[in-house]
């Protein structure tokens, strides 16, 4: 099985997720600027999730690019990843509508953590299938981002019950770290040393 | 007519279905963990349907892969399959919101049964179009999974009025049986004997 | 501009339309079979619209297949067609929720009529771009289906105020006529005479 | 990274956006023609946004066509554009449901302005990546449309508080200017002088 349909299906699901999140932002009834106020936290959480899904789409793209053949387990590891990503709109909406309350902020972190673990599993399956000379293994190198992110989420989740703003700050921090262009895979693919 | 656009359209519909099911999981109003409680059955039914749609996507992919040419009847048999799959989010939502009550659990089985029959019709059409040396026929072999699944659903539907938990157990069982990697088609495609 | 992205975008929109129509079928609150009763007309109108969108998808596919190059006007004629198709879920929902009342049944016909006209415009643009030896022109031949359908809709719309069942019968009739395999384009494409 | 998946993802998001806007047009409860009256402004704003998203899809297509390689910054500039486009259904719904009140009409302009700026950034990134002989630079030429549109939006936004009809007239005007077939890129691509 080639990677084409695999990619197309993943892209489709992520494109739909990133778009239906907007549906959680209900059109307010008033016509004044005040009517928009209660939507601000929903909007901010939407922005954060949009960035996260954008990061997943971009990284997923690079990872699949470094993979030649899709096996059955990869297919299910991918569906597992998409499952957790599909909960992002729900977690985003709950967090936004409750103005970043402790419990929803913690749950948001749980969804991010599970998605990060699912991504890591998929990555390991692809690396294992490529053998000792794995292109992807060379590309991700020490993979400190992939290792640090779940650790940060795991810390941020319980912290939410002490101060959710610290947790949210950590979620934003992880997103920013990933936003910094990650040329590792690109470099290896074009022949540079990491 | 090639299989490309046929595949892309089917993928698109399944990707959308698997994603919009989450919309049935309404964001709760409270911010406590208790607010999530009434959503648990909705969530569990969502997980089951996610797995079912994942199975259909994966099997559909392999089946179409073993098919070279799409005829008019295949096109409509495929739309027929997509029609029953499109009712999965509705049946899932009804079952989840009523905490797996008897009637919704039975209806869920009816949708699964009709989808299984629609899938079988599409498979037969492809096999028939390929003549006696059908690659797909060799690939599915005795097709005991394809034959047993509708039979199990047919038993599970009336059982729901006696105990819906038995029916649900059967639905989960069938899903698990399909989840076990089914290398039949892959084997034939790479030249192994079944 | 090739036809690939043109096709993919049209497929995407039709796949989304065919799927979001199910969202109009709200999950009922009761758990008994009676709770499903008020949904029956919504379900029936959903089935009719599903078939119509399936027909449009299938015919659109064949038409674009007979077209080599997409021009600017074709692109907008296509968006015009997609616009009217995008109103199908709304018209379907309004008709279904009002149990096929006269006015919604007439509006449903108006949407079908406008979509048929938009389809005809797109077809004429493609034929015109292909010159006197147009493959598509030969393929559609006298195009009696394409000419008769809008005429039937135009008759069915005012009839809805006398008896909506006659109008609905006519909508179903047109759908059935199109469902009969239309091998015209396929024949010409493989070299047969029409 | 080639432009294929880049294009497919953008198309997917725009196709979903253009379609889910219809969901904002809630099915009315009455069955008379009067029941449709309050929907008329929602419908009109839907038509305007449909045309705008159609223009963005068409121009995006031509722009990406003139681009051979997608870099990391382009990818994020594209997600930035899709972000603002994803707010179009929200802004459309708010404007339509409040019958084109001043504040929602101004916000609609803000979303159009931000999308136009995001589009311009993406265009500049592609041009910069192509060096002095940029095909896209030659294609867009003086780019008066791309420069004038944000300026008109910037004027229309504050004007909404004086008369929203003037603002809306300006939004419609810009859409009409873009609807006029823009053969600039096509011409350059086939070798004509601009």
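As written, the chains take the letters A, B, C and D, and residue 1 is the first residue of each chain.
The rule is short, and it goes like this: a contact is a pair of C-beta atoms (placed from the backbone, for glycine too) under 8 Å apart; a residue touches a chain by one contact, two chains touch by 3 or more.
All values reported here derive from a predicted model rather than from experimental measurement.
Chains touching chain A and chain B alike, please list them.
Common neighbours, chain A/chain B: none found.
For the two copies chain D and chain A, is the contact made of the same residues on each side, with over half of the numbers shared, or of different residues?
Under half shared, hence different.
Quick one: report the Å distance separating chain A from chain C, using the average Cα coordinate of each chain.
That pair's centroid distance is 38 Å.
Could you tell me the distance, in whole angstrom, between the mean C-alpha positions of chain C and chain D?
27
Quick one: which residues in chain B touch 2 or more of the other chains?
Residues 8, 12, 16, 20, 23 of chain B touch two or more partner chains.
Go through the chains and record each pair that touches.
All touching pairs, sorted by chain label, are A-B, A-D, B-C, C-D.
Over in the complex, which chain B residues touch chain C? Could you list them?
That would be residues 1, 5, 8-9, 12-13, 16-17, 20, 23-24, 72-73, 75-76, 79, 82-83, 86-87, 89-90, 93-94, 97-98, 101-104, 107 of chain B.
Which positions of chain C touch chain B when the two form their complex?
Residues in contact with chain B: 7-8, 11-12, 14-16, 18-20, 22-23, 25, 27-33, 36, 47, 50, 54, 57-58, 61-62, 65, 179, 181, 183, 186.
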